[in-house]
Amino acid sequence: MKQRPADDYVHVSSVNWQPFPGEFSGGGIRWKLLHVSPEVGTWAAIFDCPKGSSFASHIHIGPGEYFLTKGKMEVRGGQEKGGATASAVGYGYEACNARHDQTHFLEDSEFYMTFLGPLQFIDKEGNTLAVVGWEQAQALWAQQTGQS
Amino acid sequence: MKQRPADDYVHVSSVNWQPFPGEFSGGGIRWKLLHVSPEVGTWAAIFDCPKGSSFASHIHIGPGEYFLTKGKMEVRGGQEKGGATASAVGYGYEACNARHDQTHFLEDSEFYMTFLGPLQFIDKEGNTLAVVGWEQAQALWAQQTGQS
Amino acid sequence: MKQRPADDYVHVSSVNWQPFPGEFSGGGIRWKLLHVSPEVGTWAAIFDCPKGSSFASHIHIGPGEYFLTKGKMEVRGGQEKGGATASAVGYGYEACNARHDQTHFLEDSEFYMTFLGPLQFIDKEGNTLAVVGWEQAQALWAQQTGQS
Amino acid sequence: MKQRPADDYVHVSSVNWQPFPGEFSGGGIRWKLLHVSPEVGTWAAIFDCPKGSSFASHIHIGPGEYFLTKGKMEVRGGQEKGGATASAVGYGYEACNARHDQTHFLEDSEFYMTFLGPLQFIDKEGNTLAVVGWEQAQALWAQQTGQS
């Protein structure tokens, strides 16, 4: 018989930040991976984003929810271009297949986010550069922190 | 053809706290409902829990993830009894069907939580008192805030 | 590091039917449990429903999809009362929180169904009689088939 | 307030088969799209696969479950190479991120499948050729059937 998966707890403050790959971001974004759920493909992480940093263009393959605890974030071009400009404390729901060409941080910011499914990073023509889900996130985190 | 659901943004700081029902909690817990996803049955909320407050016994019908931004929370009896004692900033994953007989707040606390599926509140014999999911949460919130 | 869950295969024709509990059905319904996914709370089963059989009143706590390979099934009172009357080969999507007071089989029928979350069986006043999800389904199946 | 999504019913036998794109399959596979769920990104379809047909290499971005009602299908190279050889009536669970380099049909076959998330079609080096989820499936189906 199958068992219920283990509950999990992470004291986030005790975990060290790791650099988020420059391939997927600019301006010194750091992250902590908090959880992966391999069966359904969800994962949770927290991101530290200095003023002026940004994420590369990506599509949310499934819905994602962020909780901005510090700073100011422009999503989908920001409020002026039909997207959202989030200010702490802010919550956002990004729908399945939401495309984020522009995610900028106007102040030093921090947000926690839960993802269903991967991020599909794309170039300007929409070609896929990388698909980053629970498995790739876990592999990167393990490599950065020496876990096995 | 079906459309992609709308993205959503809530400036959490601008939303007023509402009392969380005494039927399901004690000690003055307040909440803000941030989002419901009616298709799959997920919902997201933030809870303000004064020192000494607690939630009534419940089962998480699906997995839930919390992000504790302030204070100290004892889950499943706390670390001493095999559960977790979360301190801010803390993250926790509560597995599908996790039973929470005791959730206490040892300090003034605040946490954000995403739920898949409802909470099943139960009495000491395990009988169901209420099933509170996206639909019940939305109805309560609408009643409390006068939304329609 | 967490592993990808195992793929799974069941030769359905080789598995023996077991009686579906009379508490939840009438008229001799039998079932085979095919899969449970404990992390997210999905499960899959096939049901053999003689002419005149029916399921007791229940709420689908999450969305469910059926594939009727044989016979005729009235869902939510059937087409005449605003529900659906499915004829093989038929497909149906039952939304999260769909309430099924009347599910009757007008002919010898068979259907395969995938569930997210449990079925909440209720009495006429809407009181909860039982919550049957992956864990309860697996326990029943193990007891019926002698698995451990 | 948000509404519960509509229930849905399709009399599968009354829907005409459409060709499944040659880009993603060989040997004359046909399909019927039965449902899409835009919020969470699930979709359901039935496939008609002549003897000798096959699907191109792909990764299941989320878990998928098939129900083989007719014929014989080799998944992940078939039983001899560590995969599964499914015979009707057969059920299979393909885990999140399962990679299917070889899916062949040894007899005229038919199967119903539910997908969470898209299929990522890849070339021999693992480069992404296409990501096909609920949105792309719906667009293709609408184009093939003249729906809007």
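Order of writing sets the labels: A, B, C and D. Residues in every chain begin at 1.
Assume contacts are C-beta pairs under 8 Å (C-beta built on N, C-alpha and C of every residue); 3 or more make two chains touch, one makes a residue touch a chain.
Please read all numbers here as calculations on a predicted model, not as lab measurements.
Chemist: In degrees and to the nearest 5, what turn takes the CA positions of subunit B onto those of subunit C?
Modeler: So the angle, rounded to a multiple of 5, is 180 degrees.
Chemist: Calculate how many whole Å lie between the centre of subunit B and the centre of subunit C, each centre taken as the average of the chain's C-alpha atoms.
Modeler: The answer is 29 Å.
Chemist: Using Cα averages as centroids, what's the distance between subunit A and subunit B in whole Å?
Modeler: That gives a centre separation of 23 Å.
Chemist: Indicate the whole-number Å distance between the mean C-alpha point of subunit A and the mean C-alpha point of subunit C.
Modeler: Their C-alpha centroids are separated by 37 Å.
Chemist: What positions in subunit B touch 2 or more of the other chains?
Modeler: 4-5, 37-40, 63, 95-97, 135
Chemist: Building nodes from the protein chains and edges from chain pairs that touch, which of line, ring, star, complete or other describes the result?
Modeler: Looks like everything touches everything, fully connected.
Chemist: Residue numbers of subunit B touching subunit C in their complex, please.
Modeler: Per the touch definition, subunit B meets subunit C at residues 38-41, 61-63, 95-97, 116-118, 120, 128, 131, 133-135.
Chemist: Given the complex with subunit D, which residues does subunit C contribute to the contact?
Modeler: Contacts found on subunit C: 4-13, 34-35, 37, 42, 44, 46, 63, 65, 67, 69, 75-76, 84, 86-98, 112, 114.
Chemist: With touch defined as at the start, can you tell me which subunit A residues reach subunit C in the complex?
Modeler: Subunit A residues touching subunit C: 1-5, 36-40, 135, 138-139, 142, 147-148.
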